[in-house]
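Chain nomenclature is as follows: A, B, C, D, E and F, assigned in order of appearance, with residue numbering initiated at 1 for each chain independently.
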Amino acid sequence: MENYLKEPSPDKQITSEIIASKVRCIKAPYNPDAIIFSFLISKYANSEGDEFALSLRGECPIKLEITPSGRVITIFDKQYNIGQTSFSSLFPISVDDLIPILAGMFSSVVLERRPLTEYERNVVSQMENLGVSVEKNIKIPNYKHLPLFSSLTMSIDPYIPDMTGNREDTIKALDELGIQATDKLEDLDEAKLNTLMMRIASSVMKVNPKFDRTDLITDRVYYMEYDTLELAFTTLYFLDVRGIGDLFQLVYTPNYAETLITKFRDDMAKGFKINGLTETTQYYIVDSTLRSPILLQLIFIQQGRVRRDKPIFIKTQEGLFTSRYFYVNSGKEGLIRVEDKYNSKD
Amino acid sequence: MENYLKEPSPDKQITSEIIASKVRCIKAPYNPDAIIFSFLISKYANSEGDEFALSLRGECPIKLEITPSGRVITIFDKQYNIGQTSFSSLFPISVDDLIPILAGMFSSVVLERRPLTEYERNVVSQMENLGVSVEKNIKIPNYKHLPLFSSLTMSIDPYIPDMTGNREDTIKALDELGIQATDKLEDLDEAKLNTLMMRIASSVMKVNPKFDRTDLITDRVYYMEYDTLELAFTTLYFLDVRGIGDLFQLVYTPNYAETLITKFRDDMAKGFKINGLTETTQYYIVDSTLRSPILLQLIFIQQGRVRRDKPIFIKTQEGLFTSRYFYVNSGKEGLIRVEDKYNSKD
Amino acid sequence: MMLTKKKVLVLDDWGPYDNGFEEIVLSKGSEDEVSTWLGIVLQKRNVVKITDVITIDELGRILFQEKQTINTPASLSALPKDFYHRVQLLRDELKGKNDLQALELLRKLDQVVNEIVSIRIRKIMQLAFLNISDESLIDRMTNEEFLVYKTIKSVIERGIGDIIGS
Amino acid sequence: MMLTKKKVLVLDDWGPYDNGFEEIVLSKGSEDEVSTWLGIVLQKRNVVKITDVITIDELGRILFQEKQTINTPASLSALPKDFYHRVQLLRDELKGKNDLQALELLRKLDQVVNEIVSIRIRKIMQLAFLNISDESLIDRMTNEEFLVYKTIKSVIERGIGDIIGS
Amino acid sequence: MLDDLVSNELKRDNEITEISKDTIEKLIQALLRLRRKYSDELHIEELKIYEELAESLLELRLEKVIEGFEPKGFDKDILSLVNVMKKVYIDYVTGKYHTYKGKVLCLSNTKFSLGNTVVEQGDVIILPLNKVLALITTNYITPVEVRE
Amino acid sequence: MLDDLVSNELKRDNEITEISKDTIEKLIQALLRLRRKYSDELHIEELKIYEELAESLLELRLEKVIEGFEPKGFDKDILSLVNVMKKVYIDYVTGKYHTYKGKVLCLSNTKFSLGNTVVEQGDVIILPLNKVLALITTNYITPVEVRE
């Protein structure tokens, strides 16, 4: 793992500088953290009767960029390099914005498969006064409030080949370990917990040989009934399949998170299959019933089978689809139908 | 006088090429002929529900320019140099558009103090079928239908020092020559006509020594009750004091010419004075009750006292004013209040 | 209504006036027609006197007629479309006079008109309620009355039409 | 109106249903309240029976009362705001039955309701005309009737108000 | 003439009268010349009468559009804006747009300027409700809809 | 709740009721979540009821605006568009704009795109009447007025 000690330490002043500038637009990449941060700014910079633009394709004196060497914020002629730290974590902490800030921060962490930066760890610990809790524990969504089978089927990272997206097989596997499907993690004794961890690790290793049992344990951040890992998956998923609308609502009316998470669990409960991955010079084609190109990329990146800078197209009965994350210039939100330039030539 | 024999001979096809291009805008200078031609184009290029832009400050694939070497029309990447010939004379002749075409053509002729180009002469003779008549006669507005005193007070070019803008003095002068104020030109016998011409010429020469009695006779073009000289003064005057609105209406509803000419005569009948001309590095200041910077420029150009490329500001009780013709970037139409940068510094 | 022509007696030469559609010249002593609004303005300036005004006697006759048929809505007597406007003109004239006799007439005028309105509106409400829409009946209403008639008819239809019957 | 609560008898277990404001669960055999629109839908599905419906007997009583005071506009009897809607529900029920007795009742229902409407609208028109706007009177009108009342009042005021009196 | 249009509008109570472009054009051109020529008291009075009649005409026609009659005549397009307004209003009030306190999330359909910003096609804009309506009319924007 | 707003609007006949932003926001946010969560027959039926009520509410309020009552409440700005419409309509019909057959001469107040053209502040534009209204609302243009 890289050395994050040299990370620049950004200043929360950046946010107030942006708001004070009275500029009514932000140029941002189509990235969940950047979008959430922009919407957070708009929520406070945008007074009644005014308009605000999130410029994905145009220009603006305030600019968010994600470069190979880190994130950069430009305010007129001033540039701030904030390194790996997510944009959203720069936003002043308040109860009103806690959920969107966490959604932005952990979308970035999950999407980039990185640990929290020191700055972000600091932010999280400051949030503990407001009810945020941190614990070292297993990296499966919302093990605190969901039955184990449900958590396991929703585990996108790590991707567990015979469990993720597969309710029946997960229940069967738990059964074999003597665990009831409806048990929660807290219901397990030390022995069963160990067996489960072993079982998950060995399963993951089948597709990702570099995986280690210790990778299964990370800092797990909760706020009320929200698990930030589940919140991040939800954010990534709906940005992908529905577009910025859900992120807007999440920022402006944070209790909307509940609606989204419920919908995400419903969608995941239906299960999904990933049947194959083929590569063309311009993009990957995935034959899958999981309709989220971002989550599919996340799954294949773990296995070292795809590159980040090459779009994922999903093959379905109705044709090829991708999302605006991989095709920002389409100008449309949600899943976008695309042409298969290679096969259509036949 | 310059040699106009080498003038390029423009093609009427230019107009149909512009209309066929389906481009819904024209970039044009703030010049009466260019504006009238653009409105004529818009009248035919602009179908129901569509919009049309006359771009004074923006850009457009169709462009009208007035350069020191002549007029240029650009249609995408093609350029047509049409020399001195007015834009409006390129427009296909039809009864519906005769008045605006004549208004455009003669605004150009009067403003530039030039004779008709060969092309324009041709256009005029083609118009004879539709009732346009040409005769060599005295260069004072509408001598056919107006009493002499009225024609003379409206004579901007030539500017007749003791008659132009001065009804009483004109009537007195005519009286001295044994002419009744209400007489028309046609009422005069040869002798009186000669005396009158002498009187005018000698008066003009007081301010313009280069003036010659022969300059008083030119091609005079009439259409129905309209004298193109009077029509040109009217067009220049209202573009100046009211803006493009009147030109729009003249093009779209040509009988509006009647309204405008009546108003022009009313305004001229009130008379005006020109009290002085001062020059600053950036502009001229004229102390006058004639509120048309273009017409004032026309008067002073005859006397060699002003340069064309330097704006005319009018000094009034309410401050300094100019028109959009001299200040296109103001974005306002009609008379525009301006700052006197030199005197206001005191 | 304000553009409706009214007969006037011209008291003084006036014009020409370009009203956008024609040029108006009025010659002293002649009878002529001008738009209502212009008639009113010129009457104030003592240039004309509007002659087709309504009189209190006429109003009395109308009231008598309406009273005789008070319970027969369909017997609405025919009034000119601008009836109420004519009444208004008469009122203005009386008000302008400002003498005792005029004041007395004004009082009487208001009383008669109130009665006429009251009877006619009742009849019109009945007609609307019974959904009678005879062309010749409608022709007998003034503009204002027609508005009342039309509105009541439509509100009854809209409000409860789909309940009764159907 | 469609959001007004209606009493229902629950014929079958149903729910949960999230209506955006609360979660509804109906238990077989219980009495409950649901929005009118939901009651109608669920009644069609035989999940509930709407119980606070109007009966023909009640309608008869209302008609009797209205007839007794036919010439006294101010004696309008009080009806629930959604009276006509309740009538509609009753009609729909009778129509759905499709037997001879129901058809006979339907015929009678329409007759009674027509009479009620006719009398009440006349009274309301009178009230509007006389410009009576007593709060307690207005409370006795249904929504549709109030619309009629309000419109007539305003059209009379707007149309000729500035002529009579003033 | 304009008074006849108003009377007809009043009388015809189950449709919007078909006022032709030519009819209204004649009126407009006459009044336009009147405004251009005169500014005396009497002409101002006359124009006021026309303004009041035009207002009555619009009111009568608008009321019919609101009641659901189909817009027609020279002012068809402008009357139809009421129907656009209805759609936007209903969609807004019943939560069909992503929204918060009068602001609506939209996508730009074209390049246009918004305050000091030039917005490109596909950019995201947060707009107050009344601007949403105006910019839908010009087809500059589309509100982002809430769907299951 | 929305039905109460409609009833109140009906009852109050000499003013537009003051519906607060908070009141309407609660409704919108609830219905927005409903739309996002469900798309079954019953929820569609329920939403239709709300849509009809929203339409009635707008109609009642619009009629009052047309009658001249002052717009207020959460929808003040959108209701006020009717007054803008009135002004533009009256000015147009009574010849206050330079116009010909439904086209109106305007000046641009700002840089914005019009079809394929980018218009600069001060440019001259000829627009159909309904676009004039929309672009006045967004303050992009000003019609050129006829004056003596």
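As a convention for this text, a contact is a pair of C-beta atoms (placed from the backbone, for glycine too) under 8 Å apart; a residue touches a chain by one contact, two chains touch by 3 or more.
Every value quoted in this text rests on a predicted model; they were computed, and no experiment measured them.
Peer 1: Note down the smallest number of touching-chain steps it takes to go from chain D to chain F.
Peer 2: When the steps are counted carefully, the minimum from chain D to chain F is 1.
Peer 1: Which chains, taken as a pair, are joined by the highest number of C-beta contacts?
Peer 2: After tallying contacts for each pair, the winner is E-F.
Peer 1: Copies chain C and chain D touch; is their interface built from the same residue numbers (over half shared) or different ones?
Peer 2: Chain C vs chain D: same; shared/all numbers exceeds half.
Peer 1: Among the chains, which is located farthest from chain D on the basis of C-alpha centroids?
Peer 2: Between chain D and the rest, the longest centre separation is with B.
Peer 1: Based on CA centres, what chain would you say lies at the far end from chain E?
Peer 2: Between chain E and the rest, the longest centre separation is with A.
Peer 1: Distance from the CA centroid of chain B to that of chain F, rounded to the nearest Å?
Peer 2: Taking the average C-alpha coordinate of chain B and of chain F, the gap between them is 44 Å.
Peer 1: Once you find the CA centre of chain B and the CA centre of chain E, what distance in Å lies between them?
Peer 2: Computed value for the inter-centroid distance: 39 Å.
Peer 1: Please tell me the distance, in whole Å, between the geometric centres of chain A and chain B computed from their C-alpha atoms.
Peer 2: Centres of chain A and chain B (C-alpha means) sit 69 Å apart.
Peer 1: By residue number and range, which residues of chain D touch two or more other chains?
Peer 2: In chain D, 147 touch at least two other chains.
Peer 1: Can you list every residue of chain B that touches 2 or more other chains, as numbers and ranges?
Peer 2: 49, 246, 249, 253
Peer 1: Indicate the residues of chain F shared as contacts by at least two other chains.
Peer 2: Only 2, 29-34, 36-38, 77, 98, 100, 102, 111, 118, 128, 131, 146-147 qualify.
Peer 1: Could you run through all the chain pairs that touch each other?
Peer 2: Here the touching chain pairs work out to A-E, A-F, B-E, B-F, C-D, C-E, D-F, E-F.
Peer 1: Mind pulling up the chain D residues that touch chain C in the complex?
Peer 2: Touch list, chain D to chain C: 84, 87-88, 110, 113-114, 117-118, 121-122, 125, 129, 144-145, 147-148, 151-152, 155-156, 158-160, 163-165.
Peer 1: Chain F touches which residues of chain D in the complex?
Peer 2: 1-4, 17-21, 37-38, 41, 81, 138, 143, 146-147, 150, 153-154
Peer 1: Would you mind writing out the residues of chain B in touch with chain E in their complex?
Peer 2: Residues 49, 246, 249, 253, 256, 259, 262-263.
Peer 1: For chain F, which residues count as touching chain D in their complex?
Peer 2: My answer: residues 1-3, 7, 10-11, 13, 30-31, 33-34, 37-38, 42, 45-46, 49, 52-53.
Peer 1: Which part of chain F faces chain B closely enough to touch in the complex?
Peer 2: Against chain B, the touching part of chain F is residues 98, 100, 102-103, 105, 107, 111, 114-128, 131, 144-147.
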